[in-house]
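One chain, subunit A, appears in both complexes that follow, with subunit B as partner in the first and subunit C in the second.
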Partner chain A sequence: MQRIQWFKWLSLVLYGIPMLLVLVFPFIVMVSTSFKTLEEVSQIPPTFIPRNPTLENYREVWNIIPLADHFRNSFLLGVGETFLIMVLGVPAAYALARFRFAGRQPYLIFLLVTQMFPAIVVVLGVFRVVVALGLLNNLAVVATTAASFSLAFCIWLLVGYFSAIPPEIEEAAMMDGDSRLGAMIKMTLPLSWPGLVAVGVFAFMDGWNEFLFSLTFISNDEMMPLTVGLFRFISRFQIQWHHLMTGSLLATIVAVALFMTVQDKLTRGMLAISEK
Partner chain B sequence: MSVVVCKELVKRFGATVAVDHVNVEIQDGEFMVFVGPSGCGKTTTLRMIGGLETVTSGDIFIDGVRVNNLAPRHRDIAMVFQNYALYPHYKVFDNIAYPLRLRKRPKAEIEERVNTVARMLGVQHLLDRWPRQLSGGERQRVALGRAIVRNPKLYLMDEPLSNLDAKLRVQMRREIIHLQRNLGTTTIYVTHDQVEAMTMGDRIMVMRAGKVQQIGAPEVLYNHPANLFVAQFIGSPAMNAFKGRLETDDGKIVVATEFGRFPVGDPLVARLKPDRSPTLGAREVICGIRPEDITLDDAPVTPASPQAQVDLVEGLGADAYVSLTIGGTTLIARTPADCPPAENQLVTIHLNPNKLHLFDPITEETLLALP
Partner chain C sequence: MTATAEVVTSSSETASRENIWRSIVREIRENHFPYLLLIPSILCFAALVIYPLVNTMIGAFSKTDTVGRAVEFGALINFRELVRDRYILNITIQTVIFVFGSVALTVVLSLPLALILNQRFPGAALARALLLMPWAAPLAISAMTWRWIFHDQLGALNYVLNTLNITQARTAWLSDPVLAFICVIFVEVWSSIPFMTIMFLAGLQSIPPHIYDAAKMDGANAWHEFWDMTLPQLKRITIIVTLLSIIWAFRSFNVIWPMTQGNPFFRTDNSVTYLYKLAFRSLAFGEGYALAFATFVFLLIFSVVYTRVLRSEEG
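On to the complex of A and B.
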């Protein structure tokens, strides 16, 4: 018992704390920079605690870029991608988990292969299609394109969750008088709630963090999400570090706050299921 | 209540034939048991009747209506699964109420019916629990409750007792028999346990490798098995089987084996199928005898009487199983436990001449017609 205690402390000191510092370091820099002036940011040696803390950056960022629009657009991308992934991914994963059909295995492998292409490879081609269709500056197009890239991964995740639910539960529901769709909605979906939540969170984050397609397909200020909006603080000759970090911090805080509000609901749902 | 008919029913999974031209008619109110070793197609047949498996070819009729392409929910069948398949996210009450809710019954009726069923099965104190809080036996009762809460045409039970311990299994077996008698609903019960089949079934269908071996009442299967497989599958310990030849001794038919000649009783001779009459000459057979139809004697009746050596005596309280070796063949005899022979002792064996079973050595089909 003693020995285990001792080992726990040693591993915490040798591994846990350094690891935490590495992970948290960028956030510390982000917070600290958001309260500095541009001069102080470029000082060498750098300061951790701002010498003259200022809230000026927050006012400036708000005035320089349409921050509210950016937040709204990022949120729409997150929600839109989550919606698309759920509507398209859940039925696809359900079919792959429940039915044995010719080509099932090759299809699963094909899905995996699509994950191996970096999005940058196709962005030019997709851009030309989007231009040809006259759909530039359209958030729905960005959400759809981004979703098409994360869909394969989400289907894989969901197939695993659905396969873990015994098919007899659905069969029992069908014998009791349910249709297959009814049995899926009332049995398999609630029972794979943790999986749906995980995939939903993943899809939302993917949309919230979407950058490449937004940068390519959107030029209108009011249509830009946060990622692209903040990117404009990086110009060819100068990086507005103080503004960039302030915007990033706000984006992070909002995302975290968003998850804290839904987290309670999500974990309660997960607990109810996992106690089975 | 209803009649179920399967006609030339076939199920293929790719190249494997799981169910091979099954023909069976289940009568109204009957308790029919499908029995066989694992992989024999009994569960697949049951699932086809329930609509959970598609039919490759052949027909299923319930009350004269062809149901091949009918969804399970339109067949009005209730099913009990081996692993209970309770809904983990519903409480016991809601599990039992589920079929009624789907049928949009009024709330008061649901309440009343669930309570009635719960009382019937002795689970009324569990209605507010989650399935995960129940023991195996309690879960099985809830699963039964969910099946009987509506009055379906037919019950399907897929090895419902095999996850229970031995004692509980015997108890639940009786409860299911009582339940079925009281409700009078046609029931199809799948098991691999021949004891369950013998004790529960009005009739039994024995299957092997997708094919029906025999359909009949338990005593018919036990006393008049259609082939060697049924003979050895039904009954415990299994029927003894050994090679022999039908020959004639002074006008009497006997089975000549490597360890002795045993007379064949006149009732059996009368039942020998005509085309297989041994009068044309000696005929090879496989001879079967149940353990209880072998009697043992301490002293040889004649010097020529077949003598066997006792290898092992297994006492069961009322009976004892005696393993015997005779001329390279092992036989099991069942004797009263009060005076079993000693191990390594030599005993004389007598086979009841009217209880012999004769099978063709190639087809393994019985050579005896039903009486």
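On to the complex of A and C.
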């Protein structure tokens, strides 16, 4: 027993802690760089802890990049994707979880197959149509294509959450005179609320973190989300790392904070998928 | 080639087709509620998944113009073009190393981490939260941050290496083809470790503790316990998670593009970033369609074979 204790601490110190340090390293660098002045950022050798920490970057960055626009656009992408995933995904997942019908298995397999091709295939396939319809620089188009791309995965997640709720509850409600739809809305949806919230946050983050569709469908600075806006910023100018890292940190904080609120439910949902 | 034979086959075909239609209609009439619920998602998939996919397939087998329109169907010209492409061999090799290298490394690094985090120790909740950060953060933005870390003069990596006296060189990590390729694999692994570890962790926690009781009575040591009892329990989850990771790594764009855009000299490109260049830089849409089609077919075949082989092994 003594030996096991000893081994546990050793592995934690020798492997666990260094690994975690590497995993959070970019975030430490973001924080450190965001408090540096231009002078200190361009100094050789660099410093790790800012010598003259400044909050100036957090004030300046909004004027140097249209960061407020980027924030708004990322937020709209997140909300749009959440909305679409819920409207399209919840009914489908409910049907797949509750009913046994002829098309069920083929549909589940189809969902799996949609995971097999890269998003760039969708981009190539719809790009011409988007251009022809004059829909470039349209956030709704980005949100819709992005949503359709992660819809399959979200349906799988939702099926898991709905399956966990015993159908007897609905049957009882139907005995009391509710319709199937009424029973679903009254009984199952409230009970699967934590799962719905988890998928909703997942969809929001998917929109917030979206990169490829925005990169190809949006060329207008004011319409870009954070990911593409910051990327354009580094390819257009002499890279101002202190501003870039400040913007990056702000964009990251939102995503990480949201994710932490639902991570437990989400990982359990993913485990449920892999057990099928 | 007689006319009657044709008539016979087509009439029996229509008959069986009618039967199929009739049974489909009957099925939907008797069971209409679930189908109604599926309609919104089916419409979405039809417009934004199936339509682009079909478009890509048609494009792959057609001559295309510079905006990607198919002008003449039935040509293998795109595939011929693809095979003749001077970079395609490198791109293929790089894609395979990128995918299988990063997934293998992720598994090897994640399993021990999961075993450690599965223990009880003060700060376990914090450790778990830190573990998840790379997964939650916008990957394109993290990749740009890594680009900053790898900067030769001002980057944090050279600073750390210099301070620890490992080397005094200011290595230009992303300018050297081999180093840059190692760097993009490293960042891909960095971004995949959280998901893999958390799945292993969940798998470990779902192992019923009583299976260890008998072994303890037999006096099995910790290594045996791990090898003969823990690992087999994790097999199923490993199969699924590696398959998902392989598919995701094949689709990876958000690491390479923000970090290197495939530079230097196409030596860090994978098939997805190369495809992006083909279509949006060279306007070689036809070749792009062909590459997209080839990737899709490869992944589909790979996934089927992979699951078949591993499922059958499971017995």
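We adopt the following convention: the second predicted complex is superposed on the first by the 219 of 276 C-alpha atoms of A that agree within 3 Å, B and C clash if a C-alpha of one lies under 4 Å from a C-alpha of the other, contacts with A are read in each partner's own complex, and residues count from 1 in each chain.
Everything that follows uses one rule, which is that contacts are C-beta pairs under 8 Å (C-beta built on N, C-alpha and C of every residue); 3 or more make two chains touch, one makes a residue touch a chain.
In this text, all values refer to a predicted model and were calculated from it rather than measured experimentally.
Of the two partner chains placed by the overlay, only subunit B lies in contact with A:Met175; subunit C stays clear of it.
By the touch criterion defined above, A:Leu23 reaches subunit C but does not reach subunit B. Looking at the shared chain after the overlay, A:Phe83 reaches neither subunit B nor subunit C. By the document's definition of touching, of the two partners only subunit C reaches A:Leu226; subunit B does not. By the touch criterion defined above, A:Pro190 reaches subunit B but does not reach subunit C. Set against each other, subunit B and subunit C differ in how many residues of subunit A they touch, and the higher count belongs to C. Once the two complexes are overlaid on the shared chain, A:Trp62 sits clear of subunit B and of subunit C alike.
Of the two partner chains placed by the overlay, only subunit C lies in contact with A:Phe48; subunit B stays clear of it.
Residue overlap on subunit A between its contacts with subunit B in one complex and with subunit C in the other: 180, 273, 275. In the complex of the two chains, the subunit C residues touching subunit A come out as 24, 27, 31, 33-35, 37-38, 40-41, 44-45, 47-49, 51-56, 59, 67-69, 109, 112-113, 115-117, 119, 121, 127, 129-142, 144-149, 151, 153-156, 159, 162, 190, 193-195, 198-199, 202-203, 206, 222, 236-237, 240-241, 244, 247, 250-251, 253-254, 257-258, 271-272, 275-276, 279-280, 285, 288-289, 292, 295-296, 299-300, 303. Of all the residues in subunit A, the ones that touch subunit C in their complex are 4, 7-8, 11-12, 15-16, 19-20, 22-27, 29-30, 32-33, 41-46, 48, 84, 87-89, 91-92, 94-96, 98-99, 101-104, 107, 110, 113-128, 131, 144-145, 147-149, 151-152, 155, 180, 205, 208-209, 211-212, 215-216, 226-228, 230-231, 234, 241, 244-245, 248, 251-252, 255-256, 258-260, 263, 267-268, 270-271, 273-275. For subunit A in complex with subunit B, the touching residues are 166, 168-169, 171-180, 182, 187, 190-191, 272-273, 275-276. The part of subunit B that touches subunit A in the complex is made up of residues 50-52, 71-73, 77-79, 81, 83, 85-89, 98-99, 102-103, 130-132, 146, 156.
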